[in-house]
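Worksheet: one structure, shown below.
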Amino acid sequence: MSLREVLTPFSVWKRVLDAPVSIADPFSREASEHYRGFHKNDMETCIGCGTCEAICQNGAIDMVPVEGQNTEKGDSGLRPMIDYGRCCWCALCVDICMTGSLTMSNEYTWVDSDPDAFRFIPGLNEPWKDKQAGYKRENGRVLSGTTRSPMGELHANERIDNFNEICVGYTREEAILEADRCVECGLCVATCPAHMSIPDYIAAVRDQDYDRGLQLLYETNPFSEVCGRICTHKCETSCAAVHEGDAIAIRWLKRHIVDNVPLERRVELIGAPKPATGKSVAIIGAGPGGLTAAYDLAREGVKVTVYEALPKPGGMMRYGIPEYRLPYDALDRDIAVIEAMGVTIKCATVVGVDVQMEDLRQSHDAVILAIGLQMGRGTRIPGSEGAGVERAVDLLRRITAGDPTVPVPETAVVIGGGNVAFDIARSMARLQKIKYGRVGLTLTALEDRAHFLADKEELVEGDEEGVLILDSRGPQEVMRDPSGQVTGLRTWAVTSIFDAEGRFAPAYDESDEQIHQGALVIEAIGQMADTSLLGDALTEKLEWNRGRIKIDSEMRTSEPWLFAAGDAVKGPDVINAVADGHRAARTVMEAIAQGEVVQ
Amino acid sequence: MFSFQPDRSEYPQPGLDGKLEIDLETGKYLKLWHGPNHPGITGNMSVELTVCGDEVVEGKTHVGYLHRGFEKLMERRTFIQVFPIVCRVCVPEPDFNEYCYAAAVEELAGIEVPELATWMRTLILEMGRFNSYMMFLGGIGGALGLGITGQWMTYVRDLMLDRFEELTGARIYHMFILPGGVRGHLPEGFAARMEEVLQTAETYLADVDKVMFANSVFQLRTKGIGVIEPALFEPYGVTGPNARAGGVAKDVRKDSPYLVYDQLDFEVATGMDSDIFTRAKVRRADIQTSIDLIRQILKKMPKDGPVMAKLPNVLHWKIPRGETYIKGECSRGEYGYYLVTDGSGYPRRINVRGPSYTHAMALLEHLIPGTNISDVAALMVSLHTYPPEIER
Amino acid sequence: MMRDLHALLTPRHALGPLEIRRENLAFVTLPASNLRGFLTELRDTQGFSHLVLLTAVDWLEEGQFQLTYMMNNRARDLTLGVRVMLDRTTAQMDSIHDLWPTAATYQRELKEMFGITFPGSPRLDEEFILEGWTDLPPYRRDFDSLAYSQQTYAERPGRVTHDPREYMKSKLYPGG
Amino acid sequence: MKDIDETFRKIDATVPLREELRPRTVTTPDGQEITIEPLKDYFCEAAPKVHPKAYFQIVENFYNWARSNSLWILGFGTGCGAIEMRPLMTPRFDAYRYGVQWRPTPRQANLLIISGYLSVKTLKRAIRAYEQMQGPKYVIGLGSCTINGGMYWDSYNTIKRLDDYLPVDLYIAGCMPRPEALLHGFIELKKLIRAGKAEGTNRYAENFASYKAAQKSVIKDWDMPDYNW
Amino acid sequence: MSEANKERLLGKTTVREIFEVATEFERVAHRFYSELVPKVSKDLRWLVEELAEEEAEHIRIFTELAQNPAVEAVLAEEITRPVADPKFSDCVQTPDLGPNPDDQAVLQYALMRETAAMEQYTELAKTAPAGPLRDAFLFLAKEETEHKAELEKTYYEVVHSGGV
């Protein structure tokens, strides 16, 4: 121990001259720009998907109803409530938030003597509403995937000269990747008309448990093979992932499940129907609505007979949707499962001709009407009467049936912007390609491209296949040469398609007139039901609602023995028809069980 | 100066089983609880001392006051949910947990971390090491009644916490090193502000050298006391500065370089005497290394680039069956995570290897007999132990 | 390097196959009775003198405990995880506290948290982390932490949550 | 929030009293044989009493004013929150300027800060520390884990609600709360004390039995007297 | 509206008289639709009934206006709101409403009728001298245009349905 060692420490006395380092006012000290303080939530952006609750390792988040937030499609109406007696400010909830509505402020002081006061709904009277600083995720949503795994498709060149299916379906790897992105919030379930248990079957794909997946599918939909291909997949618009990235490919995953379960295994998995009850039900129309009801009823042990006017069952699924979208063997497999449940399908049997309504009523406990919208509407513009103008549904039906008299001219014009218009346009384009080696097809629609009723894929694929898609064109006249031969379609430009109330009301600009060349004009503007099979007496007896048979929410018509389902009463797609079919079957079951049906 | 020879006539003798025979009811011995509520204890733990006069004849470490069952809780959480809780295992230097856990998960899940993220991680770890050493210097001063180092070091540490706050969004539990990368980039002007802090730190450290290391009282109370024989290093699993003070240059950063340490230029500080003073001195040198490393990292790191790898959907992230061990050199020695997965969405087992586990238990119990009661605090602090990583 | 070592020691200690995790980390399984000899040889002739950690993994479904002795050779930067499988019902293993005194702490913890005994290990039965524990050893897989916590410690009442899917069902299509 | 899992059996065993705490006869160094009862020897058994308010409100107000201006904190870092108390004791945040200081022993302190989660083992020490403090005394729950279990909500070894076991006057949310939030807490506590609302000491005395029952329900090896001051 | 009707209207001098005549036209239309109701199939009746109802509504409005002493002021105010004519009905062929008309035919007929009325009132307004008389024609033209626009929306809803 030297003197130096004794004295050196005293040299730090120089510090007494330093300015004090104390923070003068610690109470108003702002935390840093990215501080993870108390939460903020943008109530309008939030969709109440509960992903924050799912990821919270502290069980700190509850999803609660909040006044002013309504439950609607794609928004549960719930909002997160955070228990600050649990939270650890890790901000995983912010990172996983599907919409980016949940953020954090840099506010950090919350002192209270009441321990129950620390529960808080961000976005609802938050004291730090105006504070801009605080944690926001820097790299976007990185904790769950944002991009869809692409669906393998035939190239336009490979598909334009044939009717082969375009989508090849997901491989296992692609499907797992896609299924992995699902956060299982279940917002989609409410949007699906049949309320399929979407998150559950996606989980089954993830777990590679196709058997479970198939069972889940069949609980709510006997047309998984069909819906996995051509469903209008409105569920995907409600998907939480759509807010920052692509929606989960729910439809393709559904298809992936059925693709992976062979037909015999499906019947095995579903199991035998309940023992026969001795009841019987007649169903008119073997479309998705009628066959779904048939499936449900058969599962319950009811003897079901389906009467179908056309030579093969399937309705619009077979005779409306082209083969390249829905191969016939896929449809056949779905129908085979339904038939395996003991459903009898009498094809080429026209009710009203081969068998009378009254007979059906006499010989069955109940009758379900599921006749669909089989008649095409015409525009009835000048020149639309006569040869050279066809209705899309008729033409599609003839193409399916292999009718050799289907006209295939070098040039054709399609009127309409819905899926049917695209179906006929693209079918006709294929026929033209096969016959002439090139496509000469124009599609005109009232809507502009942003408002096409058809799926977005249809537009893309139509473009790829060489269909000339002209949007915002209103048909005025079918042009004919002096011999009466159709030469084209005259259209005016559409300036707007919706009125102030959002009702469909196109307005035209007469000065912008065009004539589209074509030896054939195909009208695909709408369809209607052919209810003539009911007969005058029954038509008179039934109650109607704006041209459709009036039904209540449980699919009952005004006649106690008659029920109706499908496009003819509700519309307008397969999954809605399936949902109707279920509802009708349920009502019929209840009714015949209680002996309500009075003959 | 003066020498003191204790009267050891009443010292306990080993019995037949080799253990000391301490019969408290003879009145010769006194039990003294050092902690958990005691100013001279490093955190919430306690040492049960048996004293004979003012000499300690036996010490038993008691831990578990901070036991939250982390390893059990981790088994109940998905891989992403484990992320927020790992840092709680060690309060003063939480980032090592985040790094080790993230690296273990990345290894088993086969995730490649972007380059910038590895630099950021190194930066964070060095900042954390700096902070931890600040706590140590304050603690060792405090244990010997030298309050001023504690005051200064806490202030300097707080300046570093401000940098942590602006970078990570939190002061203590940064939760910044996510499996797959890190959560963000450096804020604008960060390097300049960091340099300010480092310079302030250097002026204070220069004063600490004067007031503490050059202080005769400090030297008298620490030199030659609490010596760990280098032969004990392996049997007792001694790592880090505790081993380096005994001439063994054990440092995972050099022995088994991780992150970007192989691209950084630094020397491992060592000492020879293996006593309290040397351990403090080695750590003092290590602080300087840390400061240099932070400067190097800020200079060498890529200016831009991604900081997160693409993760699978973390809500149902499953990792194939496997096990791995990831280690790093924290301020106290080898810190490691042993992760076992079983193919499910939850870890099968996570074992945290905190350096304090060996230092504060077997080693401390071995060192304590024969010391003076008044030196126990300094001895404990000099081993630099944090109880939460012992009991987890 | 690891492979050479494995080839060298396998005949004597009946080692299982070597599982290489990365260049400097591998795992190997061996019968419990061979552990002591193997560790001694590793320590004394192969330079694996640092016992990094000793812990257990509960494979409840397989009825086994896995003990992992993590051994490190600092000079060659090699880490070898030595695994021993124990029957879960007996759960007993030789103590190695005389090879590494620090192992006594690990063994005390394993006794308390897993219920694995190491006869002869010092202070094995003393409470280590827990105090007044009366239930199953908590790190065993069949011990349910949440259920125990809910039964033992009161939670603040009054919290309700809603599943978005079920809630939407009740609001939008209660009948199905 | 998960529902309570009733299927998991709970073993309701108590731990026998440790050997050294049992009554026994010993021989003193001078040869006498004496009976000792350690638990009785070391502690006073009297239960706490409710401290009445001063007869005149103005006097009580004065007392409260005085109490509010000398918050002496027991330096017992029970959990991780203790790390943010260090900055308060040092010049940067300098809590001393608000009349707050730290004391090493319960006898000199009147404010117990439970800094975060409490394991059962620490709870036992915290109860003893609290009981040894001089009234009127106050308890602050620091961090979310004192409110509703925080991130250790499913741990088998930490309590969830501090107010079941100790009378808490104030909670500070955060994980962990910043030093500034703690200072806020002190100011709030002062306000409570001045308003005469920080009556934790009396609440503890009034509800002594129920507090004890709750404490004993989680501390299986209850080897101390019910009250020891 | 035949040339004779046009003559009748032009011959009128007071606004009230014009309204009385216009009301009479609407009555004729109402009678036509009412008689059509039982003739069409039941599923179409709603449409015809709706059309009849709308005509009845017109009758009510015109009658009210005709009896309103302040009718001139009301009219002057009403016609300042222009109604856009989307020019839809022009292109729809006038069908022959045969014995079993379908909904599209009924709608087309109604559209045609409203278009004709609208055109004629507009023409009358052009020839009439400025003042209350022209205002009355303008008002009538506007009413018919509005009605026609409503019908067009219905037309789209009915005809352009399905086919999705």
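Lettered A, B, C, D and E in written order, each chain numbered from 1.
Definition applied: a contact is a pair of C-beta atoms (placed from the backbone, for glycine too) under 8 Å apart; a residue touches a chain by one contact, two chains touch by 3 or more.
Here the structure is a predicted model, which is why all the values come from computation and not from measurement.
Asks: Could you name all chains that are in contact with chain A and with chain C at the same time?
Replies: B, D
Asks: For the chains other than chain A, what are the connected groups under the touch definition?
Replies: In the absence of chain A, as far as touching goes, the chains form B, C, D | E.
Asks: Pick the chain whose C-alpha centre of mass, unweighted, sits closest to the average of all protein C-alpha coordinates shown.
Replies: Of all chains shown, the one whose C-alpha centre lies nearest the global C-alpha mean is A.
Asks: Counting C-beta pairs in contact, does B-D beat A-B or the other way around?
Replies: Comparing B-D with A-B, the pair joined by more C-beta contacts is A-B.
Asks: Can you work out the whole-Å distance between the CA centroids of chain C and chain E?
Replies: For chain C versus chain E, the centre distance works out to 89 Å.
Asks: Between chain A and chain E, what is the gap in Å from one C-alpha centre to the other?
Replies: So the centre of chain A lies 41 Å away from the centre of chain E.
Asks: Averaging over Cα atoms per chain, report the distance between chain C and chain D in Å.
Replies: 36
Asks: Can you compute the centre-to-centre distance for chain B and chain E, using the mean CA position of each chain? Integer Å is fine.
Replies: Roughly 91 Å, centre to centre.
Asks: Would you give the residues of chain A that are in contact with at least 2 other chains, written as numbers and ranges?
Replies: Correct list: 21, 31, 57-58, 62, 83, 85, 88-89, 115.
Asks: When you check chain E against every other chain, which residues touch at least two of them?
Replies: none
Asks: Give the residues of chain C that touch two or more other chains, as numbers and ranges in rising order.
Replies: 130-131, 138, 143, 145-146, 156, 159-161
Asks: Let me make sure I understand the interfaces: which chain pairs count as touching?
Replies: The set of touching chain pairs is A-B, A-C, A-D, A-E, B-C, B-D, C-D.
Asks: Report the residues of chain A in contact with chain E in the complex, numbered from low to high.
Replies: 232, 373, 376-378, 380-382, 392-393, 416, 418-421, 446, 453-454, 476-477, 499, 503-508, 510, 524-528, 531, 536, 539-540, 542, 544-549, 567, 571-573
Asks: Of all residues in chain D, which touch chain B in the complex?
Replies: Those in contact with chain B are residues 20, 26-29, 74-80, 82-84, 86-87, 89-92, 104-106, 117, 119, 121-122, 125, 129, 151-152, 154-158, 175-176, 178.
Asks: Can you check the complex and tell me which residues of chain A touch chain B?
Replies: 1-2, 4-6, 8-9, 11-12, 15, 21, 31-36, 51, 54-55, 57-58, 88-92, 95-96, 135, 137-139, 142-145, 180-184, 203, 206
Asks: What residues of chain D sit close enough to touch chain C in their complex?
Replies: 1-2, 4-5, 7-8, 10-15, 120-121, 124, 147-149, 153-161, 164, 217-221
Asks: Chain D touches which residues of chain A in the complex?
Replies: 20-23, 26-27, 29, 31, 57-59, 62, 83-89, 108-113, 115, 118
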